Amino acid sequence: MSALEVLAQQVINGLMLGMMYSIVGVGFTLYFGVLDIINFSHGEFYMLGAFIALILNSIAGAAGWSVSPIFMLIYIFLGSMILTGAVGVVTQRLCVRPVSKAPMLISLLVTLGLGIAIREAVRIFYPRGADPKHFPTFLPTDSFKLGHVIIRYDSLIIFGMGVVSIVLTSLVINRTKIGSAIRAVAQDGEAAMMMGVDLDRTVDITFFIGSVLAAVAGIMNGLYYRTIMFNMGGMAGVIGFSAAVMGGLGNVYGAIVGGMLFGLLETFCAAVLPFGAENKRVFAFLVVILFMTFKPTGILGEKVYERV
Amino acid sequence: MDTNPSAAGEILGLVPVDRVFWTDNLSISFGGLVAVERVNMQVSYGEILGLIGPNGSGKTTFFNIITGLYTPSEGDFFLEGDSLLGKPPHMIARKGIARTFQMSRLCLDLSILDNVLIGIHYRQKSWLLDSILRRRRLASEVAGVREKALQLFRVFNKELVDHAGEPAGSLPLIDRRRVEICRAMLGEPKLLLLDEPSAGMNPEEKEELMKDIRTIQGASNGISTIIIEHDMAVIKSITERVIALNYGCRIAEGTFDKVSRDPELREAYLGKQV
Amino acid sequence: MAKEKRKSLMGPVSVLALEAIVYGLFVALLLVPTIWIIAAEVALVGGIVFYLWRRPSSGKRIGELFNAHKKTVWVGIIVLILTTPFCMAYSPYWLFIIITAGLFTIAALGLNLQLGSTGMVNLAGAAFYAIGAYTAGLLALNWSWPPWLTIPAGAVVAGLFSILLFIPIFKTTGSYLALVTIALQFMVVILLDNQEWTGGPQGLRNIPLFSIGGYSFTANLRIGPLELPFYANFYYLLVLIAAAVAIVCHRLYQSWVGLTLSIIRDDEIVAKTSGVSVVRWKMTTFALGNCFIGLAGAFYSHLVGFISPPTFSFERSLLLASIVILGGMDNVMGIIFGALLLIILPEKLRVISDYRFLIYGIVLVIMLILRPKGLFPFKVRDFADLVGMARKKKGKVPWTRILQRRVRS
């Protein structure tokens, strides 16, 4: 395999990974932009989305459906998206809204607690929740080759799904009325309220979108790795947060850039550096720390002057 | 634009001894916006200098530069002959420039006394080891400084003395301003910067404030002060000299009467005469 | 005369009685094997809290009582602490849990220095705890260092490690600092997990158990005719260390140091323009706080003799942070209580052990929504003790007159 092909392979793997991280990161950045909170339960919604999809699949199986894989795919995606989104909105109203005015540390911990509760609930109440679960295969499992570079068909499809989600989200944020409401609240909540924006509804919808995105990423993860576990949300959450911060908190495109960056970093470190495989996350986190130190506003963030 | 008469003196090699503070072509821009442009000014020992100008003319930005919070893009500034350019804020504070803030910055959860004592903390000698092991020394320091603070309180408002241990959040606005001024003064600064101290007060409160400032000036052999104000009555009554800024440039300087008649200043505040 | 004597005894006696009752409840909570005791005690405590809420005057009177007889309060507390191992003589397990709570208290006090006093969010507490533990373990295993050297070494190494993080720490604030510490936490644990010299996923085993000057801590403690479980040795040592740390933290709070940290926490700009070298102080508190955390970790490795990466997870960091937040930021007594609560209660609930973390998550959420400032109200710093001490030194005014003056004014 020529060097170029090795490089290409790593880039492809990295982008795949990065896509999933990006989607989680976009959710984080939306929450920060709109409510100025760090929502640490976001990773658990990623897990929840995957598990709900699994449950829906089991229900379909138990009911004896036999339909095409595409139909099943649409069914579990839509079903999980709607249900996870609903859970997101409900928990937001119960747990997050009361502390949205409090210092960020409090909301950080509240969402952490919420995340713990969700994770434990799944572990306890899903039958044999602590074991890894097999995720159904709906996508073609073979791959093709470009020279010596292996590309899986399911990777392509998943990547495509990711692109579609991001494009749709971007369209919603930039072209719809609710999108402008979200952007308005992100800039200045009070001013937005005075302009007639319904703050509560906007926050609800933001959380819905964020949870839906998390669910999508979780299902993508399940389709790609074909296994899910109750604790998959923890790391995903931390990485998603890192992606959002690296790209610039509050900036949707930044989160995408940050996610891709993290995915590429991980893949390259594993492939290129000595002791890379076990320590790939270490290097990636090291980069995050360096970013935070030297460019805390992120790649696409703006420099903000504190008003004295 | 006025010329700076003392600059001539400096060029001639005569170092004036009556200036406690001066700036030299101080400028700063944020992105493309020039907020302060080539400001030359000076403060004499014991002088109260007024700094006026319409909103956005760069007055608070000027304060932020000379307290080290912003780095100027050009120029320099000197306290008693030492250049303070590039020094971090805490060094500048220790050298003797103290300030209050436009939006009153008090730590509302801490006691009034705590808020004020921070003004002189850097002179204290008992730190880590002493706090743990030599409590007596710490105790005498605290008691001494506390007395000083309470004395200052007595000048402004005797009630502050009784409530010194209560959280600062329980104070009304005018007392918060006073506490902030006490905090700035406790360290006996060489230059005191007051940023709109009378904002939000009614005329009686402003009278009281001016009286208090004059009392302090009298009591402490006149601390050199620069005071930013929008209320011309306050300026007229307290200051001996006034500098006016507009769009970051110095456009007028002199006594209040002279400056208030300056046509450029009038235009800045009131707009062009049609 | 007899009546006066009786009256002056009433105060101290009631104080001791109250302390004994609270202690009795605590011991009962631990030793009674059913979980219904929890429900009963919660109901009792809830009832008392409700009563005090309705009649704040009673609460005030109790507070004044304790204030007036400070010496008795402390004597009582010390006696109760010393006798705890005797009460736990037949339940070494609970003694062990109390020791664990003590370790978390020390670590939480360190974290409080960073989080509660200075406002620096450190979610890598478990990582620094691990650094202390592994330092002690490695030194003991590889170079046979005795515990009285390894434990301070653990503290020092944890502190030095903080200094390595100099630049990221002082350049980041708030949630950015949180992220830096989270990244650090994961980095440290992953590294500990895959490096051979740290024992990898198996960790370190057979760390030599405590022995100071020939006295082995693993022998049961004999006091007269009684024999206490060997944990008692660790207990007493830990109590000494914890008390020292608590006193240090309290004294720092009531000093220029505490004042400076509070201002940094509440308003950095004011701190800077008042002459505070924010960078220097942040570094100092971060390092000192981590020293305490490392100290606790080092003690832990000698206590259990076996450490491995899963013990030092991100969840542990969160637990530590919760103790500080729930117990009360910048409040030494509150943190001690918080540590006891958050360590002991889940152990008691082991019966429904599977649901432990779920309940923990839910309780955390509820507590933060209802009482974000912690269980105990914020206590405004009061230099009265110091001022009183200064007056006393002058020799002019005796204690009683100072009290009278304060009461009158």
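We call the chains A, B and C, going by the order they appear; numbering starts again at 1 in every chain.
Simple rule for what comes next: a contact is a pair of C-beta atoms (placed from the backbone, for glycine too) under 8 Å apart; a residue touches a chain by one contact, two chains touch by 3 or more.
Being a predicted model, the structure only gives us computed values, none of them experimental.
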item: Centroid comparison with chain C (C-alpha atoms), farthest chain; value: B
item: Chain closest to the middle [Cα centroid of all protein chains]; value: C
item: Centroid distance [mean C-alpha coordinates] between chain C and chain B, Å; value: 43
item: Distance from the mean Cα position of chain B to that of chain A, given in whole angstrom; value: 50
item: Distance between the centres, which are taken as Cα means, of chain C and chain A, whole angstrom; value: 37
item: Chain C: positions in contact with at least two other chains; value: 269
item: Touching two or more other chains - residue numbers and ranges from chain A; value: 308
item: Residues of chain B touching at least two other chains; value: 69, 101
item: In the complex with chain C, residue positions of chain B that touch it; value: 67-69, 88-90, 92-94, 98-99, 101, 105-111, 113-114, 117-119, 121-122, 124, 126-128, 130-132, 135-136, 138-144, 146, 162, 165-167, 183, 187
item: Touching residues on chain C, where the partner in the complex is chain B; value: 247-248, 251-252, 254-260, 262-263, 266-267, 269-278, 284, 378, 380-384, 386-387, 389-391, 393, 409
item: Residues of chain A touching chain C in the complex; value: 38, 95, 98-99, 102, 104-106, 108-110, 112-121, 124, 234-235, 238, 241-242, 245, 278-279, 281-282, 285-286, 288-289, 292-294, 296, 306, 308
item: Residues on chain C engaged by chain A in the complex (per definition of touch); value: 121, 167-168, 171-172, 174-176, 178-180, 182-184, 186-187, 190-191, 194, 269, 314-315, 318, 321-322, 325, 354-355, 357-358, 360-365, 368-369, 372
